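Several structures are given next for inspection.
In the two complexes below, chain A is the common chain; its partner is chain B in one and chain C in the other.
Right after this comes the complex of A and B.
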């Protein structure tokens, strides 16, 4: 199966008719659909699923395009459609699914029904339509059970945790189901001939046949129980890994909780420091803020006093007492006698000299003013210090609040189960598995006993008795033929199972290890389930989401590769086929190394690969790896009613690639 | 030797019968009965005394 195109009519954000062609080249099998997040990638993936199988991952009433609905009247019906063209086993198919939606009000539509049309052109150019349209795709082209494998959302790593999904996928694609049916039907045919023998049997033979039937029925019951136990053990192992993963998550939660506590303590101490600064500032303001307010008056007064000194109006340097003392002693300060001229000078300035009292008051005033100025400066410095302290604390508080809020939202998303509860669950599982293993050992021993002793003896008796009765010869021969053909299929099935398992494991492991650098080993076990273990000790590892995604992609890729190999080789018993891979967000949030490694290998996963990537995933290294295999680039152009500024406000980290048209009349997506 | 030929033929024919129904995801009782009947007839036709 290879897609050639998909055409949408009023489907989701795709208004009117939008069409996308896919690359069908062998050398360049990849089609890249570029789209910003939230502009229609997943809707396009869902369009494949709805078109082929009529399933939609969200409510069907979400399908119709809003603008198309707004253009019809209440009570009118809108027809939306998806048309897919593809080639499959030399036929060209066109499948179209139409959905009818009734407008109930301006905001509500009702899904009425879906119709499907399938038309194909065969290798001779004839056109036909298959019967059973509703089940045709599922039964002839692509099993619906495998839809999540072939239309893969990169973040959906859970599909591999469902063992039934995986084993049925492998068996179905490889055609093993057919061999299992052949064996089962031959067994029933053999039983038919056994019954014929029973009907004609008399006496001892009848009794022996009844005993054989009763033992075989008991054996079948034992085998069912063994198989049920094996399934339970296997499911329990997966469940145990999930719980171990939760335990690990709990450790992370504990570590987050501890970091949160540290941050909250730091915040409390910062808040207390902040309060102290605020109190101190309040105190300074209430007691000394006036100092700052009168600092100009102080400055003016100091200047005034200094001016008066300069002008000699306050000659505070020579005091009146000193002049009187010098005149009384008749001596100078140096000790020499005062002459008449000196006495006259001293007497003339004695009147200008100030009194001690006045002198002291002026000095006191000057000191007080200077001291007040210094205190004013100190108050101002203290307040400045407090303000810078408060700013520093507030910055740290803002940063801490951000961290606390991040951690709190992470913790809100976690479902917390106590470690002891989880450990108890693990113990319970281990206990149950142990008891089931013991039970199975007993069952196997019982079944061996029944088969090797009682049944074997009874069958020998039966052979002897039948030989004595000529009437049974033909039926016995037929029973033998049915049995031998059944054994042939049993052996074939065993060989083919081993072959498929081993080849699939080999491709799976090779693909996985090309991408991953971890020491994990992946394989397909006897129950056709995906298993992963550590190379070193064989234990089941706890995988990250990224590792799970790589495992899923590797598994799907290896299944498609093996199916293609057997399809090309035209093996009699193994069917195979060509299957496409349509992958939304193949890389998710994987780190750049994994992105690059997946890109390097993705082209070899299938004959046709359609990848939906956002600009942040289309990195230079991804581009470098994929470019040589890309046959077609398609862009989803998104029209928004917002302005660029408004849009970027809410999408600050969005890396634009020019696929957004701003200030549009309405929101829609176009395929370019 | 004769028996081996018969078994080989039965194995091949059973495969053809099953292959015709390969598209069926699951087989219901009625289809299954028809298929088993075809296999029984096949064995009878190849083991006529």
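Right after this comes the complex of A and C.
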């Protein structure tokens, strides 16, 4: 199956008719659909599912285009359609699904029904339509049960390898279910002929047949129980190893938690130390930092005051009081009489002389300034000491914060369950497995007993009695042939199962290891489940999201690849087929490393790959890896009624690529 | 006789916040002295202080008198401003207080611009960074190193 185009009519945000062609090139098998988040990527993925199977992941009322609904009257019916064109086994198919939606009110739309049309052109140019339209796709092109393996959102890929999903997928895609069905039919045929023998039997033979039937029915029940138990034991074993790995991981988690606690305690005490340093620094700043600011001015004024002292202006060597006394006495200090010239000089000196109070104040200021200068130096040193302390603490805090953040992010990735809970779970599983094993031993013993003794004897009796009755000869021969064929098919089925499992494991492992270097080993086990274990100790590893995604994509890719191999080789028993992959946001939520790994290998997973990517996922490294395989780029252009500012407010993380038209009349998406 | 040191009304909220909310200073008096020192170290003065509105919560001079160096700081500012030693003769205290107020007002303006509304780091870090920048002798750049480090 290879898609050539999809055409939408009034489907979701796609108004009117919109069409998208896909790359069908072998060398460039990828089609990239570029679209911003919320502009129609998922709707397009849903259009595939709805077109093929009539299923949709959200409510059907979301299918009709809002504008188209607004254009019809209440009570009118809107026809919505999806038309898919694809090639499959040398035929060109056109499948169109029409949905009829009745407008009940301005806000309510009722989904009335769907019609489907399928037309194909065969390799000779003949046109035809299959009779069984509703089941045709499911039974002849792509089983609906497998839709999630070929049309999925990248973030959901990891669930595809869950045990319950894998087994049926492998059997369906490889056509093993047909063999299983054949085996069941042969069983039925054998039972039919046995019943014919029963119907014609009389007397002892009838009684023997009834006993045989009763024992075989008993045996079938026992075998079903044994098989159910074996399946449960196998699933339990996988769960047990998962839990054991969790337990191992929990020990690491506990150790991480303990280290985290130590670091957090150290951080708390450092924060408290930092607070003390800050308080002390604040106190220094509040009381004395001003002295640091004015230290030069203090110096200048100490020099100024000392200068004045040198010039004799301070302290006054001659005081006003003394000069007044001398002038009153008319005598010099040496005892001689003052003449007029001396009196004039003394009066001039008296005017310049200062008071005791003034002198004391200047002297005190000089002392204070000297003291402030010293204090300022000491404050500056203290402050420097405190700041050095703060730097030291901050260095340690930064280092601790880094360690704490690393551990916290490691712990955030873990789903923590207590050790005792996990141990309890293991005990429960062991207990259940033990009881199922005991039960199976009992069942096997019972069945052996029934088969080897009672059934064997009854069958011998039956052979003898049938020989005596010629009427049963034909039915007996038919019964024998049916049994022989049944056993043959059982053996064949077993061999084919082994072959598929082994080949699938080989491709799966090769694909997984090609995409990602790790010490993990992947395989398909006997119960057709995906298993992953460490090469070193065989334990189930705890996988990251990226590793789970790689595992799922590798599994799907290997399944597609094996199906294609058998399809090409025209194997009698294994049907196979060619299947495309349609993946929405294949790189979403992945770190760049995994984005690069997946993009490097995605082209090799299927003959046709359609990827829906948002601008943030279309990174340079993804582009570099994918470009050589991309046959077609398609852009979804989104029209919004919002202004650019308004739009960005609600989509803060949106990386615009020019595919959005703002201030439009209505919301819609176009395919460009 | 003047009994309190006034400061401009426009800085009333800042003064309260610096003391009460940010707890950068222990007392209002210490903040006023710090601001006056900022203006002094910048050789800047608000000559139009008397023309503006004043806070209704001036700081009593008695509080300054109790401080070890507060009156000396006032004298130093007055001496530096007038370059006349006679300002200290005991008869000019009113003028000394007024000069102090003018320096406080200018210092508050500078503090507001360079510390209070800087918002580069935490208020404590902005203050320490300012002190480091304003040091007369730039021998040490520890504070700058500190504030860069905590970024």
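Operating definition for what follows: the second predicted complex is superposed on the first by the 406 of 672 C-alpha atoms of A that agree within 3 Å, B and C clash if a C-alpha of one lies under 4 Å from a C-alpha of the other, contacts with A are read in each partner's own complex, and residues count from 1 in each chain.
Quick note on the criterion: a contact is a pair of C-beta atoms (placed from the backbone, for glycine too) under 8 Å apart; a residue touches a chain by one contact, two chains touch by 3 or more.
Predicted model, so just to flag it, every value in this text is computed and none were measured.
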With both complexes overlaid on chain A, does A:145 touch chain B (first), chain C (second), both or neither?
first
Looking at the overlay, what does A:308 touch: chain B (first), chain C (second), both, or neither?
second
So, A:186: does it touch chain B (first), chain C (second), both, or neither?
first
With the two structures laid over each other on chain A, which partner does A:489 touch: chain B (first), chain C (second), both, or neither?
first
Under the stated touch criterion, which partner chain does A:297 make contact with: chain B (first), chain C (second), both, or neither?
second
Which touches a greater number of chain A residues, chain B or chain C?
C
First (chain B), second (chain C), both or neither: which does A:473 touch?
first
For A:457, select first, second, both or neither according to whether it touches chain B, chain C, the two together, or no partner.
neither
Which of chain B and chain C A:202 touches, first, second, both or neither:
neither
Applying the document's contact rule, which stretches of chain A touch chain B when the two form their complex?
138-140, 143-145, 172, 175, 178-179, 181-182, 185-186, 188-189, 192-193, 473-474, 477-478, 480-482, 484-485, 488-489, 572-573, 575
In their shared complex, at which residues does chain C touch chain A?
23-27, 30-31, 33-34, 36-38, 40-41, 69, 72-73, 75-76, 79-80, 85-86, 88-90, 124, 127-128, 131, 134-137, 140, 142-143, 145-146, 149-150
Residues of chain B touching chain A in the complex
3, 6-7, 10-11, 14-15, 17-19, 21-25, 27, 32, 35-36, 39-40, 43-44, 46-47, 49
Chain A residues within the chain C interface of the complex:
278, 281-283, 285-287, 289-298, 300-301, 304-305, 308, 313-314, 354-355, 357-358, 361-362, 364-365, 368-369, 371-372, 375, 380, 383-384, 387-388, 390-391, 394-395
